[in-house]
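What follows is a pair of complexes built around chain A, which joins chain B in one and chain C in the other.
Right, the complex of A and B next:
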């Protein structure tokens, strides 16, 4: 058992540096209070954006008088007005209603993605990092192989096998998330397994399962939380992208990406059909990344500075 | 030389892994591979028998893989029954347009990212800095298909400067390249900023200033040179995002290309084309990553020299 890892800094970079952490860079000098204030400003903007998007989506039946699928042949392609905040589409459906109900599919699917991908990736990462040996080696080579595909390509490949649907889109995007989680958790687990308190637990006769769940997992948790906030935005983007490409949610179910694609045909006569769902998606993704950034600075002070 | 050899070996292993996964894709689709490949033509017994023999379906899986790989290495990527032509011909028709788009997008991302990042670094912790980084983050998070649509709306519908459908002309390239480049520009910008800041505050730069070098020499010889390496890394990492981006951008602008070919073949269940495009894009991605790895020792003699 290697003991020479003991003097390595805890979670220095979690084994691998995810792109966003790498992007944030590591500036070793103390940041000024002004910079801290600007960062706090970003966090507040993020929270406001999320509130604007998430509250109407949660309260969809309250904020919208009509359902998302109610057609009205006498009210097609109406521009935004007090009675139709975001106008209507070619079937006279209310875009505001479709946007607030549609968010449930896009955001709900993204949450499903981070839960599914997060759990599978975390378990694989814990096993690979703690047990190591042939099992760990095999897991990590599989992870490397999956990472060799650009994310959307992997998602498209999985969709090609499973066929286009909302559930399959969730599975496809979750499969892209698995190696990202596995790598980060594996790095954390590898460092934590040799810390004195874990070795003490082992010396006291604690079983592997107990050590993994009581000692290693809590230590890896900050990295998992940061990864989840970062990936939630990416997941929403990809779920919507698959929807836009016609490979995710199928019409007439409203989903933001699919709605943008729906509205593209009538862009020159009714811009609102495509623009509003995309704007809500954009606000959600930007909001999540601003909040995620602030959270990363809080939980991982070495990456602060941007 | 050892460094180069190791990298090349890793690439070969990775390419073998990628091709195994892509080969298995067809096995994972429900039903027989012959039915999947032939699609509508599966009712023709002669075609079924011929393809059965060609794929060696009565032989073991490793033998089938070997036959398939041998074909691929000889440029035989299969036959698209939907398009009534060899897949290699389809790819040949679509690849130049994708490379053109990716190249133009990368150029916009590099030039724009360097400008944005340098401005932010020089004006560190000021409003200019935080606005630049706010723009960078927003660009990263914006859904590219929606950004493309907004650009079409503004610069092709409202102001008729560019064609709505991106043809193969140079004018038709502007909006798609801008859509692709703007998304990546944010990542480059953030990275340029942090690596410039790191280089600016390192001790050799302080020493160079102390001995009285003018700021121009200090910037070019001591700051910029050290900031180049991480920027090259991130540009290398962007190749994946670039390829993923072309898929969506080509669909938004109805532009011919590998990405749109992939989406269309998934929708029409043209599995031979799906397999080949996934293989080509993944191999291209792996090879560019190798090129980036090989560039390191040239830019920084400390890497790979010993």
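Right, the complex of A and C next:
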């Protein structure tokens, strides 16, 4: 007797997706996912932190009356006050202005990192997971080789070779991101390529390129999105670390990591110079991580360590 | 009871057949060894003919179907034999050539209708995808064709179904949609691998009606793979009974059903009859399908066969009976 499967309940459910219809390898998005996300406390906290940090950065010219590089020799090392919300540094530059303008570099660079590393890693992962064989083996062993290096060492090495600049810092951190993306996408691609609908597409005469872009990539997208939100915070931290070490943005351009480094010398007399950019950086990283975790739990309920 | 007769396929010669499988061996590498899943299968499908591949799970029937599609992937490979589709041998063809043939000359419908559709796209988009794989038409033209195809497989509100996702449709509707995608380029041969096994009995009957209807209207040749001999008998003009990767018996459906010659065919039919009779004990064939890694020498059915005799340890020849039937058994 053939087993009956889901005709009745699906018809009855109409347009609503029952949770148990989720097809292996493709996360079925329940319609209530937005509400469920909001119920998660850490998601809400993450969004609030991000809003506090990102909105002023986006509106930097609006929220700051002075530019980040305007010096004022008569107003050095002023403490936080209504006229200088976060005080001033040794050149009398407004810290609030430098923090909100500097966020453009730190956040912009980390977004550039996940885009660059994400695209390269995704392409490598898709090819390795779909083609497998010698090509896939070679790609994945190269990825393993990159993973074997401690990330910060790799990034330091690359910037040391390329020279200190924001672009090179982005390239260095992106190189660290590539194997992380490649691994995740390769796993997803390997799984999706064996799903019945991919085989059905092949049986209908679809070529490999078509299958990769129409079936495998969209199926791997949830994993890529989660990886991006998780890595965005790490990328910001690393860009700032390279800035702190003088390997990223060069002065006088403000960047959070480099600002923390600047303020470090005067920490005993003017704590605000280092603490405020550091606090913004910390808030951004924590906010991104919380949102990323919530998204991962949502999009991939089977993920371990939640 | 049986499907409409469609020419004498048993006598179809190579020139007249859409598909001519000759001595197919499909093996899978495992470790250092090789698992021989299909071991010398031959059968023909005539123009607008219909052949049923029947056998228990593990008999090699699905692998035979996938071999015809060129969809055997590593570690599997076709070790030997010819697969002539419209006279051209598919064995050894490049993937690029196979891609051109798949969907256009031969198409396949799979067992799990909901899983065979991508959950991320509308039905219309997926049928249109199949059309555009082989035809140079715009998306709008393809969608229009898709609607006609859905109507062809008995979907009355095709316009609405076009814009629905697979999860919004029942298994029966999804199977109709996958049949529509398979028919998108009017292939000369349609392979159906257990197309109704995952469906309710009532839906199963509807799908079988649609297939029978399409077979006569479109004159598409059909290979119907199933473990259920009673289902296959409703659809197909010819039967090929497989066991242990070999053909046990083949011939016209009526002949095979009315007077099965091979002990395995007899067992299958007795089991099916005892189910439909609904009274008394269910008949089963004692024993299990042999593991392809530990296939007995000679006839693979010998360990379960009530008529087993000493010479069954060597391969039985394929006897051609006076009524053109072929039986691989020492009894004949």
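Just so we're on the same page, the second predicted complex is superposed on the first by the 264 of 306 C-alpha atoms of A that agree within 3 Å, B and C clash if a C-alpha of one lies under 4 Å from a C-alpha of the other, contacts with A are read in each partner's own complex, and residues count from 1 in each chain.
Assume contacts are C-beta pairs under 8 Å (C-beta built on N, C-alpha and C of every residue); 3 or more make two chains touch, one makes a residue touch a chain.
Keep in mind the model is a prediction, meaning the values are calculated, not measured.
**Q** Per the contact definition in the header, classify A:42: touching chain B only (first), chain C only (second), both, or neither.
**A** A:42 sits against chain B, while chain C stays out of touch.
**Q** Counting only touches as set out at the top, which of chain B and chain C does A:274 meet: first, second, both, neither?
**A** first
**Q** With both complexes superposed on chain A, which partner does A:219 reach: first (chain B), second (chain C), both or neither?
**A** second
**Q** So, A:201: does it touch chain B (first), chain C (second), both, or neither?
**A** A:201: touches chain C, not chain B.
**Q** In the superposed arrangement, does chain B or chain C reach more residues of chain A?
**A** Counted on chain A, the partner with more touching residues turns out to be B.
**Q** Taking the stated contact definition, name every residue in chain A that is touched by chain B in one complex and by chain C in the other, in rising order.
**A** Correct list for chain A: 23, 26.
**Q** Per the contact definition, I'd like the list of chain B residues that touch chain A in the complex.
**A** Contacts found on chain B: 14, 17-18, 21-22, 25, 28-29, 125, 129-130, 133-134, 137-138, 140-143, 145-146, 149-150, 152-153, 157, 164, 187, 190-191, 193-195, 197-198, 201, 233-234, 237, 239-241, 243-244, 247-248, 251-252, 262-263, 266-267, 271, 274, 278, 281-282, 285-286.
**Q** Touching chain C in the complex: which residues of chain A?
**A** For this pair, the touching residues of chain A are 1-7, 10-11, 14-15, 17, 21, 23, 26, 28, 132-133, 195-197, 199-208, 210, 214-215, 218-219.
**Q** Which of the residues in chain C come into contact with chain A in the complex?
**A** 69, 71, 74, 95-96, 99-104, 107-108, 110, 112, 114-120, 129-130, 133-134, 167-172, 178, 181-182, 184-185, 196-201, 203-204, 228
**Q** In their shared complex, at which residues does chain A touch chain B?
**A** Counting only chain A, the residues touching chain B are 19, 22-27, 29, 31-32, 34-35, 38, 41-42, 141, 144-145, 148-153, 156-157, 159-161, 164, 233, 237, 240-241, 244-247, 257, 260-261, 264, 267-268, 271, 274-275, 278-279, 281-282, 285-286, 288-290, 293, 305-306.
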